[in-house]
Amino acid sequence: VSEIEFISEPTVKTLAVSRPVEDAGFTDIDLLPVNAARVSASGFSTDYSSRDAGLERRLIADLHGTPFEHAVMTFFIEVPLFVNAQWHTHRWSSFNQESARYSEMKPRFYLPKEDDWRLQPEKRMDYKYDPACESLGSKARSILKAFCEEQWEAYKLLLSNGIAREQARMVLPENLMTRFWWTVNLRSLANFLSLRTDEHAQKEIRDAAFLIEEEVKKYFPEFHKAWVESGRKAIGA
Amino acid sequence: VSEIEFISEPTVKTLAVSRPVEDAGFTDIDLLPVNAARVSASGFSTDYSSRDAGLERRLIADLHGTPFEHAVMTFFIEVPLFVNAQWHTHRWSSFNQESARYSEMKPRFYLPKEDDWRLQPEKRMDYKYDPACESLGSKARSILKAFCEEQWEAYKLLLSNGIAREQARMVLPENLMTRFWWTVNLRSLANFLSLRTDEHAQKEIRDAAFLIEEEVKKYFPEFHKAWVESGRKAIGA
Amino acid sequence: VSEIEFISEPTVKTLAVSRPVEDAGFTDIDLLPVNAARVSASGFSTDYSSRDAGLERRLIADLHGTPFEHAVMTFFIEVPLFVNAQWHTHRWSSFNQESARYSEMKPRFYLPKEDDWRLQPEKRMDYKYDPACESLGSKARSILKAFCEEQWEAYKLLLSNGIAREQARMVLPENLMTRFWWTVNLRSLANFLSLRTDEHAQKEIRDAAFLIEEEVKKYFPEFHKAWVESGRKAIGA
Amino acid sequence: VSEIEFISEPTVKTLAVSRPVEDAGFTDIDLLPVNAARVSASGFSTDYSSRDAGLERRLIADLHGTPFEHAVMTFFIEVPLFVNAQWHTHRWSSFNQESARYSEMKPRFYLPKEDDWRLQPEKRMDYKYDPACESLGSKARSILKAFCEEQWEAYKLLLSNGIAREQARMVLPENLMTRFWWTVNLRSLANFLSLRTDEHAQKEIRDAAFLIEEEVKKYFPEFHKAWVESGRKAIGA
């Protein structure tokens, strides 16, 4: 079916970040956590210095997480449904997802590349996956592509018969791409990145998590550096 | 395929509730909210009286929600994936869902009864759905059943080729049944029931929400009566 | 004691707000909720129009609260300790408060003006307070001022004897001023303002809540207008 | 003033815990986390075995925190106001505190024993406190006792002049005892105990945290053993 699009990569785009207002007394958003930790208006830093770097590392090491809640990012994200479902377990953050109840879905499906398929390990909770050989990857792609085409036929058929979108969507599979806004502070981001860039995380959410990390690094380079140096861990619970 | 099961109803089962310990000074769990509101150990009620009923109604009317957070229920729930996804938007509660990463899924699919299909309304955000006629319902069931069989073939084929469960599950559709534990306090339950038993909610989650309401009524009859009389609303935000 | 300052008003100052980044496709922060509700990047508004105003009112009326979580404000606030304690019951938000453990406190005390004192109503949970006459107000001020001076003596005496700050602060009274950062999204703000600008709220937190409302109105005028027109209520729970 | 009571210890009392209902299929509350982790009703343990112990340790080590959210405890707690304020920073839990707005407070004050006073360390964020000598402790007690008597005079004087309780409470000091209900799951408890029984925590909240730990150990002995063996850490963030 020519209209179907197959996609092998997540999309992550920063939409908004916390910005000091004009008369806040400082402009660098990387100062938000350390100035929050100092609280008192008189003690603000106006330029991120080595003193700020020291305080930021100390806060992370001591698991003082609340100062990192005052710096917030909003992302536009597109991932398959099964990755989105894992994302929702990070409850201390905000989501708006496109609705399969109100909108007709687009035929955009996640399809791993030939060398991105993995073999089932023998032990139930083992996280070590060997890669599938390319011929198996190629075969798996064919099976998945054919399935998506059948799935799309079934969805269109139910809709063309007048069935409500909220019921027709029952045939949508877990590799359908979904789009959502995600708003989250640096403390929750540290937790998310710690868990989801870890080698135990499923590759499909790891790929997205590394893109998130790139954005964190771009907008909060000092925070990112301190967090990496501190061992990429959650900052308090 | 003979092994496939089609299911038309959600399952809801209470697993645990908050229980006063032996020397708490009261045994009726319906007293948890009103005794919490009184706080002071000396002011406990030991038998739910009309004075307690008056206080409970007053708390609900004034949107004093915190006393209702001290009474907690744990449920075992089985619903289709698309209903589970809506459930996860209720963040102030706790979830444990069976994992399609660690376990092989069972072929249990949600299939609406013939008279349970609905037509797409013309206006985008209109919640009024006319029922599909039975012949359309019958046709829709056939389409969905055939799709589930194909889906199940694809899943088994990927697994039998050695593909990891965490990737094979990409072909699982939104009407696959999923099981989870849900722990939630009476305040969050009031919010959940208010939104999800409402006529604007999708019928498939409404069916499950009414089963939840039956359990709330069974274990906390005085709370349920007060909440219904107060207009079935959320108790503060 | 000459160093003591008496303060009759809370302080509220906006420090930061969510800002779309350069290539977000829109700049007006009032568009954050409605663009979040639309999710899809293709459907963004770039100028707040009457269509956006209609959607915003519809979201509020239908209690669709999640789109309002993508617009976030950070405040610097100074209020007495007893007002700060009420503030902390709004758990879906972030706090950093100055520490009486690590810092020596300043002698800044909240002292109501002569015409700002209220009489105890006879009924326990009645919210209707008659104002005290000015001569009583004047007397109450004298009592409170004298108490603060004694309190401050006791604090300084403990410190000068070498007692740790974390213990000396036991003599700090509930009218000592405290400073904190508060980061909160528009959904939680709607809830906070609904409860804390209400006539049942204690005047001292109401005064601060109205200052918060001024800031919301300044930075998110379209949201504020829609929320006021919709009856100043919480947007979902 | 003879009516004043001085108290040197916090009070902690368990009021309620999660209990499986009659037909849940298991009765031991220590099975709640491991049965939640297994989700599927068919896989329930009915007696806590070494297999359950292994799973529980594995969940803690891998920071899989959600299964521990299905076991909930409710406590009655009495501590000074400054300890209560620290407690409220643990936002993922539920509080009902006695109100100084609606009730007249009782003259119950926290007064450290003679050998429970500490000296201010020289470095600002140093957590190492040397004990005060007994003669200083004795002097500090005298200062604090005299202050409490003056504070209580001021409170009674404002009340006897007809000033509203919500304003008279401005003279209540941070060592006034306050009572609250606290409902919290085992995951949040692990986080609380990890931070608050740590040697960096202030002694007054540590004392209370150790009493909480005794209750956790009494009702969930298997969980407590596993958590202690795993290093007393937070279980995920």
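Per-chain residue numbering starts at 1, and chain names A, B, C and D are given in the order in which the chains are listed.
The rule we apply is simple: a contact is a pair of C-beta atoms (placed from the backbone, for glycine too) under 8 Å apart; a residue touches a chain by one contact, two chains touch by 3 or more.
Source: prediction; values computed, not measured.
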Chain of greatest Cα-centre distance to chain A: D
Proportion of interface numbers common to chain A and chain B (over half same, under half different): same
Contact-richer chain pair (by C-beta pairs counted) among C-D and B-D: C-D
Whole-Å separation of chain centres (CA-atom averages), chain B against chain C: 35
Centre distance in Å when chain C and chain D are each reduced to the mean of their C-alpha atoms: 26
Mean-CA-position distance for chain D and chain B (Å): 32
In chain C, residues with contacts to at least two other chains: 66, 89, 95, 125
Of all residues in chain D, those that touch chain B in their complex: 13-21, 24, 29, 32, 36-37, 39-41, 66-67, 69-70, 72, 74, 76, 94-98, 103, 179-181, 183, 185, 219
Contact footprint of chain A on chain B as seen in their complex: 80-82, 85, 88-89, 91, 95, 100-103, 110, 112, 117-121, 124-125, 129, 132, 136, 139-140, 143-144, 146-147, 150-151, 154, 157-159, 161-167, 169-175, 202
Chain C residues within the chain B interface of the complex: 58, 62-63, 65-66, 89, 125, 190-191, 194-195, 200, 234-237
